[in-house]
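Think of it as A, B, C and D in the order they're written, each chain with its own count starting at 1.
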Amino acid sequence: MDLAYTEEERAFRVRLRDWLASVLPTLPARPDPRDWPARRAYDTAWQRMLHDAGYADVHWDAAPTIRLIFLEETERAGAPYVGANFVGLLHAGPTIAVEGTPAQRQRWLPPVLRGDEVWCQGFSEPDAGSDLASLRTRAVRDGDDYVVTGAKIWTSHAEVADWCELLVRTDPDAPRHRGLTWLAMPMDAPGVTVRPLRTLAGTAEFAEVFLDEVRVPAGNRVGAENDGWRVTMVTLSFERGTAFVGEVVACRRVLGALARAARANGRWDDAVLRRRLGRLNADFAALWRLIQWNVSEAGAAPAGRGASAAPGKGGGVPGTGGSVFKLRYSHARQELYDAAAEVLGAGALDAGHEWVADRLSSLSYTIAAGTSQIQQNIVAERILGLPKGR
Amino acid sequence: MHFQLTDEQRALRDGTRKLLDGRFGRDRLRAAVDEPALDRALWRELGAAGFFALRLPEEAGGVGLGLPEAVLVFEEVGRALLPGPLVACELLAGVVDGVAAGERTAGLCDGSAEAVLWEHPADCDELILVEGGGRDAAGAPGRAAGVYRSAPDRVACAPLTSVDPLTPLARVTDFPRGAPLAGPDPSRLRREAALLTAAQQVGSAVRTVETAVAHARERTQFGAPIGSFQAVKHLCAQMLVRAEIARSAVYAAAVTEGAMDVTGAKLLADEAAVRNARDCLQVHGGMGFTWEADVHLHLKRAWLRAACWGVAAEAEEALAADLLG
Amino acid sequence: MDLAYTEEERAFRVRLRDWLASVLPTLPARPDPRDWPARRAYDTAWQRMLHDAGYADVHWDAAPTIRLIFLEETERAGAPYVGANFVGLLHAGPTIAVEGTPAQRQRWLPPVLRGDEVWCQGFSEPDAGSDLASLRTRAVRDGDDYVVTGAKIWTSHAEVADWCELLVRTDPDAPRHRGLTWLAMPMDAPGVTVRPLRTLAGTAEFAEVFLDEVRVPAGNRVGAENDGWRVTMVTLSFERGTAFVGEVVACRRVLGALARAARANGRWDDAVLRRRLGRLNADFAALWRLIQWNVSEAGAAPAGRGASAAPGKGGGVPGTGGSVFKLRYSHARQELYDAAAEVLGAGALDAGHEWVADRLSSLSYTIAAGTSQIQQNIVAERILGLPKGR
Amino acid sequence: MHFQLTDEQRALRDGTRKLLDGRFGRDRLRAAVDEPALDRALWRELGAAGFFALRLPEEAGGVGLGLPEAVLVFEEVGRALLPGPLVACELLAGVVDGVAAGERTAGLCDGSAEAVLWEHPADCDELILVEGGGRDAAGAPGRAAGVYRSAPDRVACAPLTSVDPLTPLARVTDFPRGAPLAGPDPSRLRREAALLTAAQQVGSAVRTVETAVAHARERTQFGAPIGSFQAVKHLCAQMLVRAEIARSAVYAAAVTEGAMDVTGAKLLADEAAVRNARDCLQVHGGMGFTWEADVHLHLKRAWLRAACWGVAAEAEEALAADLLG
């Protein structure tokens, strides 16, 4: 146990902080959230700036603590989020880095790092959510291509992505997990239709992607045919790991803002609210420590090399530490915005308030990327070793 | 002493459900989400069916029923998510001309609230403000408890993007008061508004249990309906418990009309509606998070109702004080 | 819906209240809770007084509202609890009343009403708790007797009972629910051994009952051989119904006492505690209403005639309304005593305080008579119609 | 920056567990329940193993380790439910003669608490009182912050039947104070007492998860281990989440020694220990409600520890104030 930063880590933080201070004022205004091309342009321009300053591969090749410092500092400085680069940098990229051929890595990784290409994710289907392995999108080999037909859902940035990391069924007769294959699908291929999906927050952060006999070259397959489940798990275990670092920093910032707002509007005198905020302070501080722990346990292996597939402290299972984190975090985030509603009072009925919009989107946290029910199964079965079934 | 509905009460409940199913089914609900202006034709139909005149004496052209019957009707309203200044019109029938028949509409604002909110500001022909009559029994400083009327166009408002797409809201910044209205007692108006709001919450809470259960029976994952998994089963069971506890409290308060009974009933009904909507969303998974699913409409309306006519903090304090009483 | 009391009901209440006021001062001091014979004597003497005053059969033959008034008034007046008469009056008695032969009713019911005989319950076993139907105590027919061998657990008043309502397996080859039989076993039969079971509260409210080739006359069988599951369900649905009426009245009394104690020791200034107490006020008021509802739905059928087997409002299933009640009540009771601990502050560490002892015993409420997990299954499957399994 | 234990820390933790398993196994635990007098031989053995001298500098005959190591050891103590004035002796080693070696024992009382409780009053050779040093930085009215010593026989007590059968308690009614002890800083003593108490809570919380899981794997109902049912599975999963969150907070606080870190860690550890013990009881069903099961010992000790060195209400207020800080 040594929570002090090394000389090198401190130097990295100072250098990064200086750079952020110099470049952030030069950024253009944030785009309208409903304007997808503008969002893509903004996000990829930022990635290009990171690239040119030598920070592009911080998620892939840096030591875990360095990544943590990067995420902490960019969030604190109010730098842009990873945004449209999310899947490329944090899902598809790491998968290709671990499972791809040298040629595939050469083809797909540099454009992600430079912000030249944007990826989206095609895993979930309308009838395959918690039970991802039951997905039915079919890919049939035809010459040098796979011909893909089906429908994907919950795809972010589909409107502006160049590539889709797609999980398809190539052997319908094999056991559920055995007949799947991972493909990189060009989003401009004929037969791909994107339909925006409106969330309860009124925005369209997700899309459905319909695939009608889309031809994907067999060379776009990463990993072996029918080995897609294992290939995908590399990505998913990553998703359940440290993807929330920036958010936890942001939540702690919001929590401080809630306290100040409550003091300003007099609700600080409500002991029930005040003590809720105090408890959330402890929760988020501990969640931050848990992230540090998980990251620190990932050891020196960089993420792009499968960092979060390193043994979790529960005993050697990839990504389970992430399940413990996500269970508590998703709940704490919802409690944070419930507390925000208490601070706002009748103002919580005003959908125009940022905290109200965030309260609405917080409702997805116990569902997306594995419902809390599924996460509890994972913790119970894979960490605690309770029997499967029922 | 008994809780069972009489045959007449049962008929009233079933009739209301049938009317609302027919005239405000899912298509109309979703149309109202896109265009929340009040459906005046439906309003007149409700008026003609005696919906607003329910508690007016028969000699005044009303139906002559009581608060328990109004609660049954409002439970159905809550199930159906029917929008409009319903509580206001129910309570102001006989006070404001034309409201009983559904020909005109009236809004009702809580003048003692921290923010004076006005539901459906574009659709109210008159606006009534209740000052005082709450626990502290006094109005805002310098104002007498009472019930005041104003023409909507004389009321100053700040606009507000309502979180509930079915209920447009404005925030009243200035309300020119005339002489207080004779007749309605502020305490009683407030109590009845709370109870009818609670009844809607119960209806919503019951509806979200049913919706969650229907989805859990239908949706298959891991080769079985998700309702066969204990995690989902137990979510649904607790939803029912919340709804039934709240319903017991609301029905009893409708009979006793006791201030503490109403306060407790509203507290439990608010909790049941909000938490059931959230659990319903959880049971629905990703689909529950979409605009197209109705779950969010229940949740948002439940939030709104919970903020009206007595919030949880006030209720808990009043109920605590009652223990020493 | 009519919560007003009828003339007759009001008259009953007044008469009862007058009678209680006249007799309660004449009762001897309560016995030491560790002295089982003294407890039996005290409880049965009280039952005899009720009998002589015409209240003995209020649980069996009175209208539901009359029973409710009886329970409410006796609790408010601080009258003795049903105590050692519990199983006889509220479990075995009603079962015999519904399922017994005229001779059996004549043999067993009058002594229960007069307080002459005490019953205990032998249902649960160490390996058959939530899964009662898996019980293994065997009864083998031998001439006019059943010969019973096995072990029962969680038996209250076993030390002083005359009879035990015993559920045994008579057909080991039949499906689990089909091979059970209900017997009335004399507790003084050779082969019966009672061992007190100490609870975490330090008291011995329960016992284990070991049965070593105990001979029970076949005439003591109530209902048909192998029909014991159905016979027992009559009793259990009753147990989950209105057995808690007095307790809810008592909880509301304790809640008032907590508020006064908090005002006296200054903790009333703690808004968090105060608002918890306020919420519990709403909870217990609503639980009381739910009891009224359940009782009122049981209709005019007296309990002894299987009242709680009348359709519940969930749709015709015996006792399910009781599950809804029990889920919320057991939770509320635990919250009540957690709040009591807050009122007591450091005094909550003093096991000598009545509220601390009650806090400890409240821990069994989410377990005994069907765990909350089992109750949730019942509500989900039998009321809501969710599919069985898993 | 890393959270991983060093090899030395790992060896210390494993060695402590082994020592406690060997010297304070289940038989000894149950014997202590029936007869809670301190086992002086064990105490001397702990002293000889460097248990109390852990943080004394090597030049003073100590082991020369830090707070993180003490936290690891106290986590093991919490797992094993080892009784005795452990926190007191750990903190007073080097302050009170003979304590470091386990030859003598000392008690530590929080003089600013609403009720001044004394653990193991029959077994302390000396008693130390901490006044002030809490959030309000002052002692009781009219008393200076400081650390005071008294001979146990001069302290007046009211008897108390401790809810925790392993920890006899007395309530101090009069404590004759001598001159304040030079050396220990009240704020620091208080902070470290809270942290070591929190570490025990974490140990208990982890142990009750393990106990619940072991039972759930073994106990069969409805033809399957109860741990295969989601209701039980999810109880256990949430227990682990609580324990891990609390452990992260406690370990971090051991390294930073920050007042707010310690306060938050104690809050989360108290909650983890109490709620895990209750869930463990629920998983055990009826058997968990018996005196013979160890579950209640964890619950009762968790209640006691939660009442010492900062209760939840104080912690939440301090953590709230910190947000404005």
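Following the convention adopted for this analysis, contacts are C-beta pairs under 8 Å (C-beta built on N, C-alpha and C of every residue); 3 or more make two chains touch, one makes a residue touch a chain.
The model shown is predicted, which means the values in this text are computed figures rather than measured ones.
Engineer: Let me spell it out: compute each chain's centre from its C-alpha atoms, then which one is farthest from chain A's centre?
Structural biologist: When every chain centre is compared against chain A, the largest gap points to C.
Engineer: Tally the contacting C-beta pairs at the B-C interface and at the A-B interface, and name the larger one.
Structural biologist: B-C
Engineer: Counting in whole Å, what is the centre-to-centre distance of chain A and chain D, each centre being its mean C-alpha position?
Structural biologist: The computed centroid separation for chain A versus chain D comes out at 39 Å.
Engineer: Out of chain A, which residues touch more than one other chain, so two or more?
Structural biologist: Chain A, residues with two or more chain partners: 270-272, 275, 373, 376, 389-390.
Engineer: Listing for chain B: what residues touch at least two other chains?
Structural biologist: Answer for chain B, listing residues that touch two or more other chains: 229-232, 234, 313.
Engineer: Spell out the residues on chain B that touch chain A in their complex, using ranges where they run on.
Structural biologist: Those residues of chain B that touch chain A are 113-115, 117, 160-165, 169, 171, 220-223, 226, 229-232, 278, 281-282, 285-293, 295-296, 299, 303-304, 307, 313.
Engineer: Using the touch definition up top, name the residues of chain C that touch chain D in the complex.
Structural biologist: Residues 124, 126-131, 134, 153-154, 197-200, 202, 270, 272, 341, 345-352, 356, 360, 363-364, 366-368, 371-373, 376, 390 of chain C touch chain D in their complex.
Engineer: So in the complex, which bits of chain D are touching chain A?
Structural biologist: Going by the criterion above, the answer is residues 1-6, 9, 68, 209, 213, 216-217, 224-225, 227-230, 232-234, 236-238, 240-241, 244-246, 248-249, 251-252, 254-256, 260-261, 263-265, 267-268, 313, 315-324.
Engineer: State the interface residues of chain A toward chain D in the complex, per the touch definition above.
Structural biologist: Residue positions touching the partner: 1-6, 9, 65, 68, 255-256, 258-260, 263, 271, 274-279, 281-283, 285-287, 289-290, 292-293, 296-297, 314, 324, 327-328, 373, 375-377, 379-381, 383-390.
Engineer: Note which residues of chain D are touching chain B in the complex, please.
Structural biologist: 229-231, 234
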